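For reference, the structure I am asking about is given below.
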Amino acid sequence: MKLFEYEAKSILARYGVPTPKGGLATNSKEAWEIASKLKPPFAVKAQVLVAGRGKAGGILFAESLSEVERAAEKLLSMRVKDIPVRKVWIEEKIRIKRELYFGITTDRFNRSYVAIASSVGGMEIEEIAEKTPEKLIKFLINPQHGFRSFHARQIARKMGYSGSQLLELEKIFLGLYRAGVDYDAELIEMNPLTETIDGRFVAADARIIMDDNALFRHQEFRKRLLEGESELAPQELEAIKNGLAYVKLNGNIGVIGNGAGLVMATLDTIKYYGGEPANFLDVGGGASSEKIAAALKIVLSDPNVKALFINILGGITRCDEVARGILEAREKMRVTKPTVIRLVGTNEEEGKKILKEAGIHVLESMETAAQKVVEITRQG
Amino acid sequence: MPIIVNKNTKAIVQGITGKQGSFHTKLMLEYGTKIVAGVTPGKGRTRIHNVPVYDTVEEALEKHEANASIIFVPAPFAADAILEALENGIKTIVTITEHIPIKDAISVMSYAKQQGATIIGPNTPGIISPEECKLGIMPAHIFRKGNVGIISRSGTLTYEIAASLTRNGLGQSTCLGLGGDPITGLNFVDVLKMFREDPQTEAVVLIGEIGGNLEELAAEYITKENYPKPVAAFIAGRTAPPGKRMGHAGAIIMGKAGTAESKIEALKNAGVDVAEKPSDIAGLLLRKLS
Amino acid sequence: MKLFEYEAKSILARYGVPTPKGGLATNSKEAWEIASKLKPPFAVKAQVLVAGRGKAGGILFAESLSEVERAAEKLLSMRVKDIPVRKVWIEEKIRIKRELYFGITTDRFNRSYVAIASSVGGMEIEEIAEKTPEKLIKFLINPQHGFRSFHARQIARKMGYSGSQLLELEKIFLGLYRAGVDYDAELIEMNPLTETIDGRFVAADARIIMDDNALFRHQEFRKRLLEGESELAPQELEAIKNGLAYVKLNGNIGVIGNGAGLVMATLDTIKYYGGEPANFLDVGGGASSEKIAAALKIVLSDPNVKALFINILGGITRCDEVARGILEAREKMRVTKPTVIRLVGTNEEEGKKILKEAGIHVLESMETAAQKVVEITRQG
Amino acid sequence: MPIIVNKNTKAIVQGITGKQGSFHTKLMLEYGTKIVAGVTPGKGRTRIHNVPVYDTVEEALEKHEANASIIFVPAPFAADAILEALENGIKTIVTITEHIPIKDAISVMSYAKQQGATIIGPNTPGIISPEECKLGIMPAHIFRKGNVGIISRSGTLTYEIAASLTRNGLGQSTCLGLGGDPITGLNFVDVLKMFREDPQTEAVVLIGEIGGNLEELAAEYITKENYPKPVAAFIAGRTAPPGKRMGHAGAIIMGKAGTAESKIEALKNAGVDVAEKPSDIAGLLLRKLS
C-alpha cells in the first residue's frame, strides 16, 4: 500500500526526521491559509501516488500567497499521469545545497532489508542506479540486530560527512529505519534528502510503501485503503475487499485464474493467440465459492468484457468449490456472456460433474481454452 | 534418490485441524506420505484422519519421530510456527501459508540459515518426489516418477507444466515451488545446486515470473558454473503492463530489471531453452535429452 | 525500581492480562466509593513495596461496603514491616480453584531472561523453590527471537493445561513478557496467577521491578521515584538524585567508599574489629568532587554518626578529585566529626598532598584505618 | 604468556574523547599498552594524546591493525559500541562503562557468543597482564608480573588484594574484573578454565560478593574438575543485612542463595581457602605455594 507524501512526512517527523513545515489543502482557499502561516518561498505539491510527479508538472513553486492560491487551483484541476489531484501539500521551499538519497527496502536474494544511500539524489537517482551503480552505497541489514547507530554513521561517512553533520545524518537514518520497521514498510525513502545551504538536512520528499501482508497490524491504514482516499478503480477496491488481486487491462476477454503465475501465463497465451485480455484476476490459493462468485462479479462489471475465461488448476484450490461458485454467481447475476472454463486438479472430477450437470462445458487444456475464447470474441 | 524429501521423510502437519490442513493431510496420507503427527494449539489430545494431534511441536516430537514439517497455520501466526519447528530441531519445513509479513519472514529465514535448515515457501505448493513423498498441496495425479527436476516460483504453473511433461512421458525427480511471497527460504540457485548433485535428476525446468532478479541470478550461476545438466525455462508475464502489480509483490516491475525480457535474455545467454508457452517445455526437453 | 501492585496490574491489564476489577484509595471514603462500583466480596490490599505483605496482615477481605471502609481505615493506619501504608487497592475477590505462578527474570549465568512457572503458586512459591525445585518449570529465553507464542504453550502444557485454557494462558504469558520487555523489567511476575472456579485465569497479584539502569528510557517512573510516592528514606532519595548508592544501617561509623565490593569489605572489616557501620555508601566509579561532597552531606545527616571512614581506592576514581570534594564539603558543612581517610590509587600523590596541606592525615591500609576509626568511636 | 591480553595486544579506545576515555588512554599509553586508534562519533580527523581519532570503528580498522577494544562510551550507547566492535571483527572487548540496561546487555552477549568473542565487563576495571598490557582503569603501580591469576567481581577490591599480594612478593599473571553489572561477558568458571590452561598461572584468587550464584557455580566447577591449581577466595558482604541492596543489583540477597555464608561454604567444600579479610589472601596463597 502506497502512502501519500503528506502521510509519509508526518510519520517521519514523528521519528525525528526534519521535514519542511507545511500543511494539506483540498482547495485554493485552504492553500492560502496554510501558506499564510509559513515563510515564503513555497512549494505546492500534488498529492498523487504515482512516481515521476515532478517531471509531470505536479510540483509548483510560489513566492507569494496569491501565487500559492493559483498554483493550488491549477494542480487541483489537473491530472498527473491520468490521476486526478484531490489534495495539495503546501510547504516552505528549502534552499538546497545538495540533494542526497536514503532509503530502505527489501533484498529478496539476501532475505534481508537493505539500506541504499547516495550523495547524488533527487530526480536522477534512477538514472544513477542504472548508469553508475558504484555511486550507490548498498548496506545489507543484519536481521539479527537490525540497523544500528554505527551503521548509520558508517554510511554517513561514506557519503563524505563528518562532525555534527555525521551525527545529524545518524539520527535521520535511524529515524527512517525505525519508522520503516514500525510501519512494516517494504520501501521507505527520502528522495531528495536535502542538505540546506546552512548545512542542515531536511527530507524534502518522502515515500512509504507498506507491506500489504502486514496491513492486519495497521488497521487504520487498511481502513483508509478500503474507504477511499486511494487511487484505486472501483473494481480494484472491490477486489481488495474480497482478498482478490485485480488489475484492469484494455482488452475484451475477462480472465479469472488461481495463482499469479498461471494468470500471467493465461494472459500471455491469450495474446499469443491474438486475443486481448480485459483484466488480470487472481483468486489466490484455496478460494471459496463465495470468492469465486465475487471474482465473477468484478470481472463482469467491466462493460468491455465480451467473453470470460476461467482457468483453474486446483492445488489448495478445490475444483468443486470453484464449480459451486461459478453456478452461484451465474444464477445471481444472470450471466449470459460466453464462458470458457478450464478446470483440473484437486477434486477435479467432482467439479466437472457439478458444471456438466448445469450444462457447462469444461476444457482441460489451457491452450485449447485460450484459442476457443479468442475465437468467440472474434466472432462476437 | 530425489532431493529434500524421499521415502524416509516423516512429517508433522502444523495447523492440521484447519480446513486446508485437514483436507491436504488426507490427500498426503493417500499419496503415501508418512504423516506421523499434527499440531494445532488448543486441539491437543484429538485425532484427525487417525493422525494424533498435539498442542505443541515439542510434545509431538516427544511421542513421534519426525524430520520434516508442513505448515498451514494462518499468516499472522506462521512465522512463529516456523520458529517452533526450527527450535525443535526440524530441518525441512514446507510453508504453504501465503502472505506472511516481510518483517516476520526476514527474521525467521535468518534463524533458519543459522540452524542449517531448509525452508520451502512461504506461499508454496510444496514439494513432491513422485512415488516417494508429497509434502504439499499439488494434485498428485499429474506427477510421475522420472528424471526431470522442476523449480518454480508459481504454484499453478508448476502443475500446468508438470502435467504436460507427464503427458509427454517425462517423469519428475522432484518438483519444488519456491513460493510466491516476497521473502522465501530457497531461490533458484539454491535448488539448482541440489539438482546438480542429485544423480536421479537429468534435466531441470525453471519456472519464473516477472519481478525481482532471481531468474537473472540463476542465469549468472548457470553460466559461471557451466551447469552440467540441460535447463529449460518458462517466464510468465511477458505481456504484463509495466508498473502494475500482478497478484503479489513478486511481480512489481522496476525499470528494466525484473521484466520478462530481461529474464528471458539472461537465461538464453546462459544457454537455457526458454519456452513461449507452458506446453512447449516438454518438446524443448525431449530434444535436449535425446 | 519496585512498582506498586496497582501500577503493575494496570500495566499488565494494558497487555491483555486479566486482572481483578478494582481501584486505588487514599482514605476510607474513597475505598467505599470504589467498592460501591464493584461486586462483593472484596479484597482490600495495602500498597507497600515489601515482600510478604499478606503474611504481615496487609491484605484484608470484606463482604460489604462498610467492611471495606473499616478494612481500609485499618490498613491506612498501620505499618507493614515498618512501612506506613499510604494507599490501598480495593478489588473484587476472586473465587480461587488453584493458584499458579508465572514470572520472568534475568539469569546471570546464562546471560538471558528466564521464565519461571509453577502450577503451585501463591504464598508458598519461595518454599517450593527451595524444597522442591523440580516443581518449578524453568525456561531460558533465547535472546535472538525472544519469548514466543509456542514457548508459552509449551509451558502451559507442562503446567497441565490444554484446550481453551492453554490458549488463554498463552495470551497471558505473552502479555506479561511483552510488558516486561517494554518496561525493562528485571523481574515481572504474577503470584498468584489464579485459576478461577469457572476455569478462567486472573492475575490476583503482580509485581514488577524495573531495571534501574534503564530508567533513562522511562522518565515518568524515574520522576515518580525521585518525587515521592516511594518508600525511600530521605537520605536514600538524596543518594539516588546524586547517583550514589546508600543503605542506612544501625551503627555509628559513617562509611564512604568507591565500589560496592570495597564498601562491603569495609563494613565487614569494621565489624571484624568490633565496630558498627552507620551506613553503606558507594560513590561508584569516577566520582567528581561534587559527588564526594554530596556523599559526605548524606552520611553526616544521620545523627548517629560519631566518626567517618572514607575508603577510596582510585581506578577510574581520581584521588585528587576525592581530596578536593572532601575539603569542599568540610568547609561548607563545618565538619567537626573525626574522619579517617584511606586514599590510594590513581593520582594518589596529588590527592594526599591536597589533604596534607589542609592538615588531614591519610592512611594507606584499610585495616589500619578500620582499627583506627573503631578505636575513635569507642573513645567517643 | 598471560591470558587474553599480552604484548601483542593492539587496542582501539571507543569513547576516547570523553573525560574518562581520554584520561585512561594517557595512563594506558604510559603503561606501554599499544593503543593504535580511538573512536568518537563526530570527532573524527582529530588526535588525542597523539592517538588518531575516527568516527567509526570501521574507519579505524581500515587504517590500523587492532585486535582489541576498550569501551568508555556512556551507558545508553554502550551496547551499540560493543556491537560495532564485534561486527568489525574485534574479539577482545573490555567494557568499562557501567549500568548498561539488562535488555541491551543480554542481546549483545548473545551475539558475542555466536562470534566467539570475549567481552570483559561491563562495569569492569578491565584486565591487566603486568608488564605486558593494561586494558583498563586500574592503578598500574600496585601490580607486578608473577604467577597469580586474579578473577574479581569487584573493581576496587581487586586493587586492594592485588596490592597486598604485590607487597608480599606475589606477582600476578593476569588480573581480570568480571564486572559489576547484572549481565557480564565472563563469569568465574570461564576464567578459571583459561587460567587452568595458562602455564604462567600457578594459583588463582577469586574475589566474590553477595548476590547471584556465580561463586557457587565456580565451587561446583572446581570440585567437578578437580581443579589442578590452588585457589584462594574472598567474599565481600558477610555483614550485609538481608534484603537490602548494596550498591548494585548484583548484591540483592534472595533467601539463602546468594548470601556470603552460602558462597563461603560452597567454596570451602570445594577445597578453596576463604580469607576473612582481604589482607589474609596473601598469607593463604604463600602457604599453598610453598
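Just so it is clear, A, B, C and D label the chains in written order, and each chain counts residues from 1 on its own.
Just so we're on the same page, contacts are C-beta pairs under 8 Å (C-beta built on N, C-alpha and C of every residue); 3 or more make two chains touch, one makes a residue touch a chain.
Just so we're clear, the structure is a prediction, and the values are computed from it rather than from any experiment.
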item: Distance-maximising chain from chain B - centres being C-alpha averages; value: C
item: Pair exhibiting more inter-chain C-beta contacts, C-D or A-D; value: C-D
item: Interchain centroid distance [CA atoms averaged], chain A/chain B, Å; value: 27
item: Chain A and chain D, separation of their C-alpha mean positions in angstrom; value: 54
item: Centroid distance [mean C-alpha coordinates] between chain C and chain A, Å; value: 52
item: Residues of chain B touching at least two other chains; value: 107
item: Residues within chain C bordering two or more other chains; value: 142, 144
item: Chain contact topology (line, ring, star, complete or other); value: ring
item: Interchain contacts, given as pairs of chains that touch; value: A-B, A-D, B-C, C-D
item: Contact set on chain A toward chain B in their complex; value: 106, 108-109, 111-113, 126, 129-130, 142-144, 181, 184, 186, 211-214, 216-217, 245, 247, 249, 257-265, 267-269, 271-272, 277, 280, 282, 284-286, 313-316, 318, 344-346, 348, 365-367
item: Interfacial residue positions of chain A with respect to chain D in the complex; value: 142, 144-145, 148-150, 153-154, 157, 162-164, 166-167, 170
item: Chain C-facing residues of chain B, complex; value: 41-45, 55-59, 77, 80-81, 83-84, 87, 107, 111
item: In the complex with chain C, residue positions of chain D that touch it; value: 19-20, 23-24, 27, 75-76, 96, 98-107, 109-110, 113, 123, 125, 136-139, 142, 152-157, 159-160, 163, 180-185, 187, 207, 209-210, 212-214, 217, 234, 236-241, 243-251, 255-256, 276-279
